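After this come two complexes, each holding chain A, first together with chain B and then together with chain C.
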Partner chain A sequence: MAKSDDGIRILQGLLVFGNVVIGMCGIALTAECIFFVSDPHGLYPLLEATENDDIYAAAWIGIFVGFALFALSILGIVGVIKSNRTLLLVYIILMLITYAFEMASCITAATHRDFLTPNLFLKQMLERYQKSEPDNNNDKWMTEGVTKTWDKLMLQNQCCGVRGPSDWQEYMSAFRITHNDADFPWPHNCCVMDARGSPVNLDGCKLGVPGYYNSNGCYDAISGPMNTHAWGVAWFGFAILCWTFCVLLGTMFYWSRTEY
Partner chain B sequence: WVVLAFCCLGQLCADQSPKPRIAAPQLATNNPTLTTVALEKPFCTFDSSLCPNKSCIIYLYAMKELASAISSQVTDNTSKPLNSTFHQTSGGQLGPYKAALFNVPDCASPPKLTDVGDVNKVSDVLKQYLFRVGDDVNCLYDPNFLGVCNPPLAPDTTYRFKYVLLDSTEGIVKDQTLWSDPIKTRRVKLPLKIDTWPGRRSGDMIVITSILSVLVFLLLAGFLASVSSAVMGSEDSSAETRCVSQMIQSEPRPQLSSE
Partner chain C sequence: PAPPALLPYVPRVPPAALPGKLTATTFALERPCCVFDRHANASDAVWLVVAFANASAAFRNPPSRADVPLYEQLPTACSYMTLETAAATYACSAASPAVLRVGGDTVCGGQGGRDPCNGPLPSPGPYRVKFLVMGCHGPKAETRWSDPILLRRGTGGTAVPP
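Now for the complex of A and B:
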């Protein structure tokens, strides 16, 4: 009898410890997802215009799941210490639901990261940057978002186009319709700027003289933060789920061993 | 052998740049563009002895390559240069048109291309070294424009260029280069043709999906197992308590009978 008592005590201790870790991870997940949703790099308009912004949906789910994990972990600790079967049953069922949501969030983040290729951003940039005649209000909103984001990207990161300034020369674009090639082989934000925000030498920029235009592409500046976002949500969530799996199995075993 | 040497020198000089050349690609990386071509100015191409009073100027003629079948003459019978414009020749389709007019570049002191790094000198260096055909977007539609119009070229078209040395006082052609090699302007592709298909699934996504699916399945199986064991356990315990209560009831009777 003493041995099984000891065994139960050890199991209780482990479950309490497991729930404490789940609670802390839940708070960490909420904080991380709030950080990603706040979009510190200002790249959300690009995703919104591609209509492929599901990594943000995954982060939103992550915020609520993190909070739910924290609340449920407290319920779990109370239930394990009091050995109350009802509380533990409620805990297990709610945890299973939360588990399902978090699984959805991880898989969504990992899957939709795969869609964010250079060609996607290139096509969107060519079709929307400085588009002069939007079709409707939604189109206008997306066009303004894309234009502002690209202007800011090119100025802050000293880059041009997705792969390079040759993107503007190789492809037809909405920008090309309103800006002729002789004056604007590429947008003026691609030129090296002086302290007042105007090009250092416009002729040098137009001819492509090294040192007067930005010759590298902006794809790294876009994909870096988006990869961090998607992988942060997907892999941290995956780690939490692996730990929660063990704790839940332990709780189910403990529940089946307690008496009413 | 002196004559031979001179001949050879003459050949070398002639071979060096008898035709207009495109500007150095290390300097002008975006060349040719959709509608412009930047050409090197003719340094040391023409003999300076042809212009005793420094009264010479240079004309640049441009034409589409297919116009060479129609006419590629830039002078008329009296050695006077052709005065055709972009508009008259339909952009170089019917023959050469005059695209530019500038002073003879200084052969003795050409601009140093390394000065391009200096912000103050770059404008001058570019202006002295090259000329951009197709630079002026407004002159074609400006009725007040009086100079030589240099409108943008057509995309995806082959052009040829020629420099002509002219004495401005007499108005006759002193020398001309050969027609340049064909230079083609760029062509654009439509953005609709860009393929945005992401290709195969990445390894991350496959690992996460498969492992999580297995874990969820195990959790549900564990949940069902514990619920069913709890249900069966409660049935067993209710059968036991009935047995025990029957035994307790049957015990007190023998005591009463012994008394």
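Now for the complex of A and C:
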């Protein structure tokens, strides 16, 4: 009996430790997802305009799942220490539900990362940037979001277009309809600006003289934060799920060994 | 009057990698430096002749400044002359930007004025250009015709990248 008592004590200790880790990871997940949802790089309007902002939905789910994990881990610790079958049963059921939500969030984040290709953003930029005749209110909202985001992106990251300024020369665009090619081979935000926000040398910028225009594309500045976001939600979530799986198995085993 | 002297200089688009040297309605040319010094006085004017590549052989130098075909006549005459500049600007000693931009002036043209307009080109071309030195008695010197210059056509194409 002593040996099995020891065994049970060890199992209790392990389960308490496992739940402590789950609680801390839950808080970390909530914090990470709040960070992503707050959109520090201001890229959400671009996702919104693709009409597929699932990685944001995944982050929102992550916030609530993280909080749920924290609460459930406390419940689990109490249940294990008190060896209370009812508490442990409630814990197991609720944890399984939370597990399912987190699984959905991770898979969504992981698969939607493949959706964010350069061509997606190029097409969106050409169709919406500075579009002058929006079809309806929703279109107008998305167009304004895309235009403001691109203007800010090009100024802050010193970049132009998705792959480079030649995007504006190689394809037709909404921008080209309202801005003639001779004055605007590419938007003026692609020019190197002085302290007051006007181009240092507009003629040099129009010709593409090095030093007066931004020659890099903005794709890295867009995909970098978005990939970090998607991978962060997906892989941290998967890691938590693996650990939670083990703790759940242990808890189910412990539950089967306790008596009312 | 004597026919204008033929200079061996061939105008060309600058070889440097400038993304804006060819756009849908403009193109850049290397600035001819030290080319006209022996044939032009400082007061003569150097014009740029722009013609559709298939009409360049038929182009005849205008006998005087009044006969110069202007930008507005491009659709009918298949050629025009622009960028009227004093020959002194192309002298060896003049410090200047390395390229000329053809088609960069969007505010001129269409008002029926007599000033040479450097307006945007209406079609992708191809075009050929040459420089023509005009004195008070008519053309004094000309360069060779350039190779055909074809402008970008992407912005007239489909809106959607593949």
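By definition in this document, the second predicted complex is superposed on the first by the 260 of 260 C-alpha atoms of A that agree within 3 Å, B and C clash if a C-alpha of one lies under 4 Å from a C-alpha of the other, contacts with A are read in each partner's own complex, and residues count from 1 in each chain.
Rule of thumb we're sticking to: a residue touches a chain if its C-beta (ideal position, glycine included) is under 8 Å from a C-beta of that chain, and two chains touch if they have at least 3 such contacts.
Since the model is a prediction, treat every value here as computed from it, not as a measurement.
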Overlay on chain A: chain C relative to chain B, clash or fit:
clash
For A:209, using the defined touch cut-off, is the partner it touches chain B, chain C, both, or neither? Pick first, second, both or neither.
both
Answer with first, second, both or neither: which of chain B and chain C does A:79 touch in the superposed model?
neither
Count the residues of chain A touched by chain B and by chain C, then name the partner with the higher count.
B
Is A:164 contacted by the first partner chain B, the second partner chain C, both or neither?
second
If you stack the two complexes on chain A, which partner ends up touching A:119: first (chain B), second (chain C), both, or neither?
both
Between chain B (first) and chain C (second), which, if any, makes contact with A:187: first, second, both or neither?
neither
On the A-aligned overlay, A:200 touches which partner chain: chain B = first, chain C = second, or both, or neither?
first
Contacts of A:127 with chain B and chain C, given as first, second, both or neither:
both
Who does A:176 touch here: chain B (first), chain C (second), both, or neither?
both
Part of chain B, among the options 19-27, 199-207 or 217-225, whose backbone runs into chain C after overlay:
19-27
Using the superposition on chain A as set up above, list the residues of chain A that contact both chain B and chain C.
119, 122-123, 126-127, 165, 169-173, 176, 180-183, 185, 203, 206-209, 213, 215
Mind listing the chain C positions that touch chain A in their complex?
18-21, 23-26, 28, 97, 99, 101, 103-106, 119-120, 152, 154-162
Using the touch definition from the top, list the residues of chain A that touch chain C in their complex.
119, 122-123, 126-127, 164-166, 168-173, 176, 180-183, 185, 203, 205-209, 213, 215
Which residues of chain A touch chain B in the complex?
92, 96, 99-100, 103, 106-107, 110-111, 113-115, 117, 119-120, 122-123, 126-127, 165, 169-173, 176, 180-183, 185, 200-201, 203-204, 206-213, 215, 231, 234-235, 238, 241-242, 245, 248-249, 252-253, 255-256
Residue numbers on chain B that touch chain A, as the complex places them
23, 26-31, 33-36, 38, 116-117, 119, 122-123, 126, 130, 132, 134-137, 152, 155, 186, 188-191, 194-196, 198-199, 201-202, 204-205, 208-209, 211-212, 215-216, 218-220, 222-223, 225-226, 229-230, 233
